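Order as written gives the chain letters A, B, C and D; numbering starts at 1 within each chain.
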Amino acid sequence: MNFKPKFSDFKQKVEASFHRQKFMELINAKLVDVKPGYCEIQIPYNASLTQQHGFFHAGIISTIADNAAGYAAFSLMEEHSSVLTVEFKLNLMSPGDGDLLIGKANVLKNGKTLTICRSEVFIRKNGKEKLCAASQTTLIELKNKPDK
Amino acid sequence: MNFKPKFSDFKQKVEASFHRQKFMELINAKLVDVKPGYCEIQIPYNASLTQQHGFFHAGIISTIADNAAGYAAFSLMEEHSSVLTVEFKLNLMSPGDGDLLIGKANVLKNGKTLTICRSEVFIRKNGKEKLCAASQTTLIELKNKPDK
Amino acid sequence: MNFKPKFSDFKQKVEASFHRQKFMELINAKLVDVKPGYCEIQIPYNASLTQQHGFFHAGIISTIADNAAGYAAFSLMEEHSSVLTVEFKLNLMSPGDGDLLIGKANVLKNGKTLTICRSEVFIRKNGKEKLCAASQTTLIELKNKPDK
Amino acid sequence: MNFKPKFSDFKQKVEASFHRQKFMELINAKLVDVKPGYCEIQIPYNASLTQQHGFFHAGIISTIADNAAGYAAFSLMEEHSSVLTVEFKLNLMSPGDGDLLIGKANVLKNGKTLTICRSEVFIRKNGKEKLCAASQTTLIELKNKPDK
């Protein structure tokens, strides 16, 4: 789909919000790409992010899916709005066994109040990417509530 | 509901698995209670766990909801089984604005292959607990695949 | 939880809306109970409502779960509002093998714009009820948009 | 994605199962297309399928999304298997205001036990199709349990 942002600096606004999230720093998440209605985030492997088998924890996988969706939606919102996740649903399809987690989200519907996104999370191992998880997320736009 | 564990040391098995999850250590999560078909986890506030407004990040809230569900289910599985989350759906109802996050999960149905749980996540502020999020989760039992 | 309706005739308003849904008539669904934040619907068995094994179709099970949630939420909305389902997630736990399907929904959170509900669907066979499905639903209140 | 069916008559098996679902007959649903990992179902408008505003009822929209997902998954299962929906999550994005409802489902992951699908539901009005709903579904393969 072809979305139009509502003001020119949407990308800077997404980046500034991302960098205010201290949890992104703790897990070393990188905001890799932002386009109107699209966002990509990556998280390199680190033993501190693992579950009992040494793979990326489901909590990290849901964090990257949710955050990519949140910023894909935020890229289409008004300048003085903030965004909240209403709910999301995530299917875990393959273990997070690899060196890089890649979350990509696309907006499906950008409504006046609610925005719906789908995310896919890939796990890269030995240079090959594999579908690890997929989610569907509902976000709400809070108008005239700046993000900071 | 009244569930019967399948072997006597189910609680030690849950605790051992929880302590092998390095991500739980990173975010300082505590396994507070395990009963047959029930699990409670708590995470004290720390600035490193926050989103852009300084509240618990949705990724942390989904981590506690998912992990409590996983271990509630695991408490009813066979001795030599391991557990994987198939999928979950989480509604975020109030901001994670407080000093302690409390996740409680109960098994709704313990089937031969799949187990369904519901979790509630509460946020405590000034000694008062408030419903912050609620989830519904599907888990799968992998028989004869020990957890470690 | 203890919810307060926003006007005295909330029950008549729910009943009138239910009876305007022609699909409820087609599948012979009955509105059995409405309280503030609660709704119960029943559907007697009929061969025309079945899937390939002769049990209640998942589409009927999701209809009863969604509709009970919708009217539980509607019972707490303002007099001149209408309600729409934003999304729901349903786990099917036992086959719909029985003579009566019973859907019960409770409001978890009644917010200014969004309301969150949980439903349980029971199947009755030989006088015994069994948990058949469970859902979690998000609804939106459209203010000053009367239901008819 | 490019999926390979496990036996040559997968399409006939899907069609035979669809036609055993009496609920499909009641709502006049048509199985329009079946390919390996893909299924399309259509339901023409009929006043008996409506909610309080005269549009397709959410129960019908979830039925078409779920059934398309079920048969997309079933097309990849073994000859003597049957299929059950474990759970699904559906976002309703536009009212079902039109003359034809079109459900299309694709398999995302076809695992040994579980299969994950995504469905999109479109509503056609005056010859134009609009995205009405989207879902994500988990299905389970029951081996050596023939469908009839």
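Keep in mind that, in the parts below, a contact is a pair of C-beta atoms (placed from the backbone, for glycine too) under 8 Å apart; a residue touches a chain by one contact, two chains touch by 3 or more.
Not measured: the values here are computed from a predicted model.
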Chain pair with more C-beta contacts, C-D versus B-C: C-D
Far-end chain from chain D, centres as C-alpha averages: B
Distance from the mean Cα position of chain C to that of chain A, given in whole angstrom: 33
Averaged-CA centre spacing for the pair chain C and chain B, given as whole angstrom: 28
Between chain D and chain C, distance of the C-alpha-averaged centres to the nearest whole Å: 22
Touching two or more other chains - residues of chain D: 86-87, 89, 91, 138
Chain C residues within the chain D interface of the complex: 17, 20-23, 25-26, 47-52, 57-60, 62-63, 66-67, 70, 84-92, 147-148
Residues of chain D that touch chain A when the two form their complex: 89, 91, 93-94, 108-109, 111, 116, 118, 131, 134-136, 138
Of chain C, residues touching chain A in the complex: 86-87, 89, 113-114, 138, 140
